[in-house]
Every structure is written in C-alpha cells, then in structure tokens.
Amino acid sequence: MKERKGLIFGSVILIVVFIIMFIKGEPSKNIMVWIAAILTLSIYSFLYKDNVFYKFAEHLFVGVSVGYSVSVVWQNAFIRRVFDPLFITRTYIVDGKFSLYLFLAIVIPTLLGMLMVSIFTKKHGWLIRIPIAFVVGSYAGMGIAPSFQAYIFEQTQSTLYVTLSISSFIMIVGVITTLVYFFFSKEHKGFLGKTAGVGIWFIMVAFGASFGYTVMARISLLIGRMNFLLHDWLGVIK
Amino acid sequence: MNILLVFLFLIQQTPDSLPVDTAQVTEIVRPAPPTNVIAKDTPNDAGGSISVEWDISADDGKGLKNVNLYNVYKSKTEEGKFDYVGTVGAARTSYDDQSVEKDNKGYYYIVKAQTKEGVESEPSNISSGKSQAQWFHHGRWAYLILGVIFTLFFVLYIRMAKGKKLFIRKIAGLDAVEDAVGRSTEMGRPVLFVPGIGLLSDIATIAALTILGKVAKKTAEYETRVIMPNYDPLVMSAAQEVVKQSYTEAGRPDSFNEKDIFYLTQDQFGYAAGVDGIMLREKPGAIFLQGIFYAEALILAETGHSVGAIQIAGTDRVTQLPFFISACDYTLIGEEMFAASSYLSRDPIMMGSIKGEDASKLVLIIVIMVGTVLGILGGLHLGLFENWFSNLINWFARG
Amino acid sequence: MRFWEKVMKLDRRWIFLLIALAVLIPFLKPLRLPLTVTKPARDVFDAIENIAPEGAPLLIATDYAPSTAPELDPMLYAMLRHCLSTKRRVMLLALYPQGAGMAQAGLDFILPEFPDAKSGVDYVFLGYQPGIQAIVMYLGEDVRLAFPTDAYGIPLDSLPMMKNIRNYDDIALIVDLAGSSITLTWVTYAVARYGEHLAAGVTAVSAAQYYPYLDTGQFVGMLGGLKGAAEYEKLIQEKGYTKAREIATIGMDAQSIAHLVILFLIIIGNVAFFASKSHKKKRSTAGS
Amino acid sequence: MRRQIPLLLTFLTGVAIIISFFIPHKPFNEVQDMLLDWTIIIAGFAMLLGIYSLLNKHITHIKRKDAGWGYSIILTSFFIGVFIVGIISAVRYKGYSLSPGSSLYYVYDYMVIPLSATMFSLLAFFIASAAYRAFRANKLNATLLLVAAVIVMLGRVPVVENAFFRFLTRFSDWFMFIPQMAAKRGIQIGVALGMFAMSLRIILGIERTYLQ
C-alpha cells in the first residue's frame, strides 16, 4: 500500500512538472500539435496502468491505422495493379494488338484473389486454399534459392576470412559451436554436449552484448518524444 | 519549374550540348583516347545488353590529367555513323549498353575520352560484340551444387526414416506448451497466441501456424479459449482453418469460436498497442509469441510479463532474440522454431528432414574447418594453400 | 532482510519513473557532464574556424534522412550557428531527396536566431538534384552545371554570394553529414580527384568504419554520433558564439544518466538477489 | 481434390521460382517478379476478409452493448473516416495519396507518426525493466548475458574520459564485431537451413498444417 502511495506521488510530481511548464512556456497554437501531444501522453499513461486515456488512444490508433493501410492497399493493389491496367491504360494491348499473355497476367491474380471471398460460402469454402497455396508456394521457392544466397553463402564466406589472430580463432570457434548447439538428431552428451555448451555461452554473450548495444537507440527514442513534448508542444525549451 | 530543371540537367549530360569549339582557332588540347576497347555479351542476363570495356586514357589521372568522362558510341556497321549511347565518369573502365535492340546481331563500339571543357579525344579502336540470352546463370553454380547436395540429404533421410523411430533432442520451450496451457486452464484464463507481424509469405509465420495447431489441440482438450489477434488477414484465414481442424481432431468442433481469431491491423505499432490492450483486459494465463517480430517484441513481452502470464516465445529474427530471452520464460531460438513442427508431430518423415538439416549443417562445419586450416597454412605463405584458400573463398563469394 | 526481498520484486513502475526522470532532468537543467573534446572533433572545429569570414564558403551536404536525424541534426544546427554568428558563408545542398527536407528544417530552426542573415548573402540553399556521383563531379567544374538555381528557383548568378564561386577551388571546406556510405563518394571524387578538404559527420554506429580515413588524412576531421555533436557544441559555446540550447549535450547527458540508472538497477537487483539468498540459507540452516 | 489441387499449386509455384533463379533466359527471368506482383493483388483481396473480421467483431460489440462498446464505436468510426480521407486524397492527388498537403498526409503526420513513435519509445522503459529482471548472476548463462551487456553499455557512454573508458569503448566495439558476430552468424546459418528445410517440406507437400 505504502509503495502504491509512493508511485502515485511520483506520477503526480511528473504531472505537476508538466503543468508548471505549461504555464511557463509558450504552448503551440497548432491544433494538430495538440492532438499529437494528447495522444502521446495517453499512450504513456498506460505505463502506470490501463485507463480510459490509453483505451481511447489504442482504439483510435487501431482504427486509424487500419483505415490508412486499407486506403493504401486499395490504391496499390486494386487501382494500380488491376483497375488501371484493365480499363484505363490497357497494358495488354501492345501496338494495337491484344496480348493474351499480358491480359492473363492481370486477370489470373484477380481471379485468385476473388477466391478469398469463397470463405463466406459454406460449400466452396475450401477454395480459399488455392490463393493461400499460391502465396505460400511462391515464398517457399524464395525461401530456397535466394535465401541460400543471402544467408548460407554470405555468412559462410565472411566466416572464412581467416587470419592468424585471436579474433579469427574466436570467430571460428563461435560459429562452429553455435552451429553444434543446433544439432537436433543427437542427444547433447559427452563431447557434443560440451561443444554445444560452449555454443550456448557464445549465444548468451552475443545476446547480452546486443541488448547493451541497443539501449542507446531506445533511449534516443524517448529523448525524441521529450523533445516533441517540451519543444514543439509546450515551447518551454527553445 | 522542376520539370524544366530536370530537363536542363538531362541535356547537360549528353555531350552534344557541350560547346565543342572546333571552329575557333584557339589551341585545343585533346586527351589521349582510351585503348583496348572490347565489346562482348553481358553475361548471365536475358539478352539485350552488351558490355563495353576499355583501358583508361593516358591522360586520365596521369599525363595531362584532363580526362573527365568517357563517352560510348555504337553503330550497326563497322564504318557507319556512330551514335552516342552513354557516359561514365573518369577512372571507370566499363559500360553496359542496355539499349541493344536485337540479340545475336553484331554491333560496333568506340569510346572517346572527354575533358572538363567538353573536348573529346580521337575515337578508340572499334570493337564489335553480340548480345545473347543465357540458359543458365553461371554465377550461381555453387548455389545449385550445394542446394542439390542438401536436397539429396533430405530425400535420403526422409526415405530412410519411414517406419522408424528417430531421436530428436529436447527443446525446452516446446515441452512447456502443455504446462502453460494447463496452468492457464487452472487459473481460468484464456491462452493468447500472437503470430507477430510476419505475413503468410514468411516461412517463420508458417512455422508459427504449425505450433498454433498443437497449442489449439491442447486448448481444445482443456476446454480453454485461445485468442489470436492478427496482422495479416491471410494468416488469419489460415489460422482459423488450422484451429478449427485442431478442435475437430480433439472432438470438440463446437467449442471453436471463429471470432477469437480476428484481424487487428497491419501497422507495426498499432498492432503492438492493440495486443497490449488485449493482454491487459483479457489477462491471459499463457502467451505464445511465435513468428516474426521486430521492435514490438519487447513491448509485447514486457506487458505480457506484467499480467503474470507464462510466456513462450520464438522467432528467427536474431536482433529480437535477446529481448525474448530476457523477458520470456522460454524462447525458441531461430532454427529451434523451424524444428518445432517436426518435434511436435513426431512424424518419422518430419524427423527425417531434421536429420537432413543436421547433415547439411555438418557439411558447412566441415567446410569452415577446412577453410580455417587452409587459411592458417595460407597465412604462413605456403603458396599452394594460399591459392586453395582464396579459391574456396571465391567459390563462396561468387556463388 | 525483508527489505532485499522487496527490492527483488520491485514494482517496475519505479523503474519507469527513474527512466522518465533520467531523460527529463537534462532537458530542464543541462548537467553538462564532463566531456573531453576528442581530436577528430576539434579538427573539424578548427577547419571551420580557419575559414575567412565573408570569404570562401563552407559547403554542407545534408545527405541523411529522418531515421538518422537525431544524431546528425545537432551537427547541422551547431555548424550553422558557428558560421552564421561569425559571418562565415554557408552553402547547403543534398544528394538524397530526403536530405533537402532536413536542410530546410535545419534552416527553419536556426534562422530565427539570426535575423540579419540573408539568403544569397550569408548562406545559400541549393536544394536537391539527382545523380549522386555526377553531382559531386560537376561541383568540380561548375556549381551551375548541377544547380543552375538555388532551391527557391533564383539563378545562382543573381546571388551576391555565389558570384565568384565556380567550383571546388572557390569552396573552403566540405562537410558531409550522412548516415550511409555516401561519404565515400565525396572521398573518391571531391577529395581524391579535386584535392578538396572534407570533414565528415557520421552516426555512432558507422564511426568505427571511418577511422581509417582520418588516419590517411582524407578526412580533415570527423564528428561521430551524438557524442561528436556534443563535443562540437561545447567548442562553439566555449568561444561564446551561441547561447542556444545544446540539444546534443542534453541528449548525451540523458543517455549517460539513463545508462547509469540501468546499470545501477542491475547492481541493486543482484545485491538484493544475493542478500536474500544468503538470508534464506541462514534461515534454513538455523531451522535444521 | 480439395487437398491435392492446393498442394500441386504450391509445388508448381515453388519450383517456378527456383527455376527462375537459375535461368536468366526469357520467359523465366520474369517469373519471379510476376508471381510476387500477383501476391500483392491477392493480399489486397485478403484485406477484405480482414475488414470483415474487424467490423464484424466490433459491430457485434456495439449491438450487444458489451463492456467497452464505446471504444468499438471509436475504432470503427476512425477506420471508416480515415479510409474515406485516404480515397479522397488518392483521387485528388492522382494516386499519390500521401503527397504533402493531402488530408491523408495530415492524418499520417499528426496521428500515425506520433502514436507509432510513442509506442516505439515505450521500449526505453521496457528495456530498463527487462534488464532489471533478467540480468541476475544466478546461473552461468544469465551471468554471461549480464557481463556482456554491462561491458557494452559502459563502452557506449564513457562517463569519465580516461584510459580505462577509452579501452572499454574499443573493447565493446571488438565485442560486437567478433564474439557477438560469431554467434549471430551461427544462428543465422541455422535459421537459413531451417528455412530451407521448411520450404522444401512445404513444396514437397510434407508440411501442410497451413492448408488445414
């Protein structure tokens, strides 16, 4: 109970600081800045606990972002890729001749997309599997060839730049032991277990290091918001 | 106005507009032309392109030091009119002419050096070349070879695995699935499954759907609600089918509520805000964070922890793993998540493919070890090993 | 000993409060934590200090985007203040489309502090033109080839400051503020080909990869990340050129305090952990 | 048939993409781009399902007057409002609905951006609370996590300028470049192999949970 009082006290101080600054500063006269500031503070209020302000901001955020992305998808998928080429620019007519190939390149994906709506019918609901199968198949193909290039080859190659140095030795040991940790088909006992153990040390050290490295970037984000509140909105800081 | 600027800019790039004041009697210092011009087909493409290469002019960076650009010209006949095709900066020695109209037809090229003042050199030697489309990308032999080897491993092990019981090591996070769902049931709270902000086209999301299938089976058995907010509507549709199937298999098709697997938003932080809200209000007893996560990983994991849920996370994004490790009870690290579907299904064919994965891994480890030995020997300047080592690296670099 | 157990289960909102204060306090009252100016930063300052007032201009290329702006904006602000307060002339241009927006925002932010500064006299903003490498080369011949007018459409020849400025020979120093490898384009063409002096402002993450260019003298100096910007702010403050808010210094203060708070929390957490563990041990041995 | 047709389609598209990676000759060179373009159109139609799901859920809430149905009104009305704004902007700015000055641009600038940035900045708080909880030297693994994090954090902010901190800064850089990179590469290669295996299972029709 005592602790909660302390927390309330601390939060109240923060609020009072903002009120004082509000009186001392030159608050923005732009209504949009005010909206942005109120939404910002509403989100922060969630750090104390769930409340009306956060719920409001959250639902507004979801609503706005869906509306935004739907309007972008509308433009990118329907207008630019289906409606315009079919009816306005007519890309399938080349030099006055009808090209079936280009025509189908627009019509087939449109039909595939329309199959999505089959889910609303009881009888033909399974048809939705066709576009899903298409999308998954395409990217499974991508998952084989191009990702081979991007990950397996590049990573192996950069590991291979071996020189006679401690750093190089650590690098090689790190990569190999980490890979050994991901051996699934043998129990991690004996030599294999020890090597995998070294692998997990490397993994932990790496995670710790990148955690520590990221702190700075995350604090910067908060500094950015503070700058917005104190400079753009309240105008206390010139 | 802007269009005018761009236009001005464009015409400045073509040498025709530059003042070539040959008519005046003033002394003109012409730079030496580039030498050894060679035109040949641009490799590994669909045709329609010829690469022109040359040695730099004697006045480029040395000599009179006045070369600024190289202009490339093309003609259909050896003696005919040469048309301008493009320009590159000094010190560059190649140009890809992408404007070739016909494959398998010879074109003739010359290159001229040009100074700051716009004075062009005499033409270089004439070289001719044809463009062609290739039937195989020669830069990708290595991928094909390694890919075929790995695929063979898979096929081999899958065939060998049929009807056998294969071992697969313990994966801590997956053993905890049942406990987590059980605890949730005891507490009378729902289970929350968060598939992250990957699309159905991401392989990691499909792995997450497999895990969802198993989780849903458990929740069906325990008669606990499973909630799943979605980022991609395609994932949502697939997930609804997956969960429905799991409930049917568990003999409780009626307990399946389609509305519990719903669409939220396709905005990274909008999604995070929405899922946070769901966590705070539904107070799930177990949270599964499986799939692709970016910065929102820690936002979700910390909020989930604050409502006292058991959290089992898994992702293939290396940058977010540190945060899952620190904030969640169990984390499936990278490949463990992909292995999960095999682990959970206990299907011999799946297990066989894991064996194939391990065999491929062994191949890579051996390659790295061999590379290390060669590298060390090469570092001692033993000529032969130095060569082998650089060949090995190049094989991986070129692909 | 119950105290340590309580600390172990500390309500995380205390941590939130501490972090909020750690970032807020430096805004209200800059602490100016001790900051030693490193040589690369001092070299940048000296190089600009050596430019003659009302003479050959300094060229600032704002080749960055909003994502790296928190680190690079403070450098732009500090340099603009440095030049405008001492009547050194500035040319601004961008090789990235978004960079033009960053330069314009920087001018909008700084110019109210210098009501006397006139476009075309004390500074000129050339805007953005496409073709990164070509632009850097054209600047070696004639600025007008790449930028016939300034960003507001006024022909360069009608700007008093630009009358006698044709190419790199008439520009005292280039400063490239960039969050990408575009800096190397300046090195390859402006420095290696035309022998122009170049100073770089880069993000903290990429600073490590640019140190070799300092060693070879291809950079006359370098500012790395928020820390580099804070050092530069300190130098212009010491000279008394500006009294404006030092955003990089505030940022560095906030960073340092926040990092220390987190480290302190980790230590306290571990002390609490071991204290309560040893306490438990004692209790269990006493009980048996 | 309800199983076989989709599985066959997965197989065919997967193989087509792989072939197009190795054959630059027409028409294979265009296959990959074309198929990926198609998936964008399909995803557009899938959005209809998303909208249906969202509206269905919230309109039911409103009809039944469930707890918090007022928020459902907020969500739905902002969704519809912004969608209309987006369409109007797209029409007025000839498809470039985010052009400066358009209404959608204002919505984006003063609502989506501040809300996103604020959600993002919550990480400053959460990274601290996660560090407090997780970095306990109770087990070897956690200790390694802790030590590495502390070293790198100290290296990032040299509080005092002296030889020790200068060393620490350089050491933490080395730490990121060598041991951190080593484990990262190992994980990354593992992930690539896992993805390879998973993709192969999908194309060969062994993995089919997603098609339930």
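Note that the chains take the letters A, B, C and D in the order they are written out, and that residue 1 is the start of every chain.
To be clear about the criterion, a contact is a pair of C-beta atoms (placed from the backbone, for glycine too) under 8 Å apart; a residue touches a chain by one contact, two chains touch by 3 or more.
Just so we're clear, the structure is a prediction, and the values are computed from it rather than from any experiment.
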{"item": "Longest centre-to-centre distance from chain D, chain (CA-based)", "value": "C"}
{"item": "Chain pair with the higher count of C-beta pairs in contact (B-C, B-D)", "value": "B-D"}
{"item": "Whole-Å separation of chain centres (CA-atom averages), chain A against chain B", "value": "16"}
{"item": "Between chain C and chain B, distance of the C-alpha-averaged centres to the nearest whole Å", "value": "32"}
{"item": "Chain C and chain D, separation of their C-alpha mean positions in angstrom", "value": "29"}
{"item": "In chain D, residues with contacts to at least two other chains", "value": "21-22, 39, 42-43, 46-51, 54, 68, 112, 115, 119-120, 122-125, 127, 129, 131, 133, 135, 145-146, 149-150, 153, 156-157, 184, 187-191, 193, 195-196, 198-200, 202, 210-211"}
{"item": "Touching two or more other chains - residues of chain A", "value": "43, 46-47, 55, 57-59, 61-62, 64-66, 68-69, 116, 119, 129, 131-132, 135-136, 138-140, 142-145, 148, 152, 156, 159, 172, 175-176, 179, 182, 203-204, 206-208, 210-211, 214-216, 219, 222, 224"}
{"item": "Contacts with 2+ other chains: residues of chain C", "value": "12, 16, 19-20, 23, 255, 258-259, 262"}
{"item": "Sites on chain D touched by chain A in the complex", "value": "2, 5-7, 9-18, 21-22, 32, 34-52, 54, 68, 71-72, 74-83, 85-87, 89-90, 95, 97, 104, 106-115, 117-125, 127, 131, 135, 140-142, 144-153, 156-157, 172, 174-193, 195-196, 198-200, 202-203, 210-211"}
{"item": "Chain C - residues contacting chain A, complex", "value": "11, 13-14, 16-17, 19-20, 23-24, 27-28, 70-71, 204, 226, 244-245, 247, 250-251, 254-255, 258-259, 262"}
{"item": "Touching residues on chain A, where the partner in the complex is chain B", "value": "43, 46, 50, 54-55, 57-59, 61-62, 64-66, 68-69, 116, 119, 128-129, 131-132, 135-136, 138-140, 142-145, 148-149, 152-153, 156-157, 159-164, 168, 172, 175-176, 179-180, 182-188, 203-204, 206-208, 210-211, 214"}
{"item": "Touch list for chain B against partner chain D, complex", "value": "44-47, 133-137, 140, 143-144, 150-151, 154, 158, 199-201, 203-204, 206-207, 209-210, 213, 230, 232-234, 236-238, 241-242, 244-246, 259, 262-264, 266-270, 272-273, 281, 295-296, 298-299, 301-302, 305, 316, 318, 321, 323, 325-327, 333-335, 337-339, 341, 349-350, 353-354, 356-357, 360-361, 364"}
{"item": "Footprint of chain D on chain C - complex, ascending", "value": "10, 12, 15-16, 18-20, 23, 33-36, 208, 252, 255-256, 258-263, 265-266, 269-270, 273-274"}
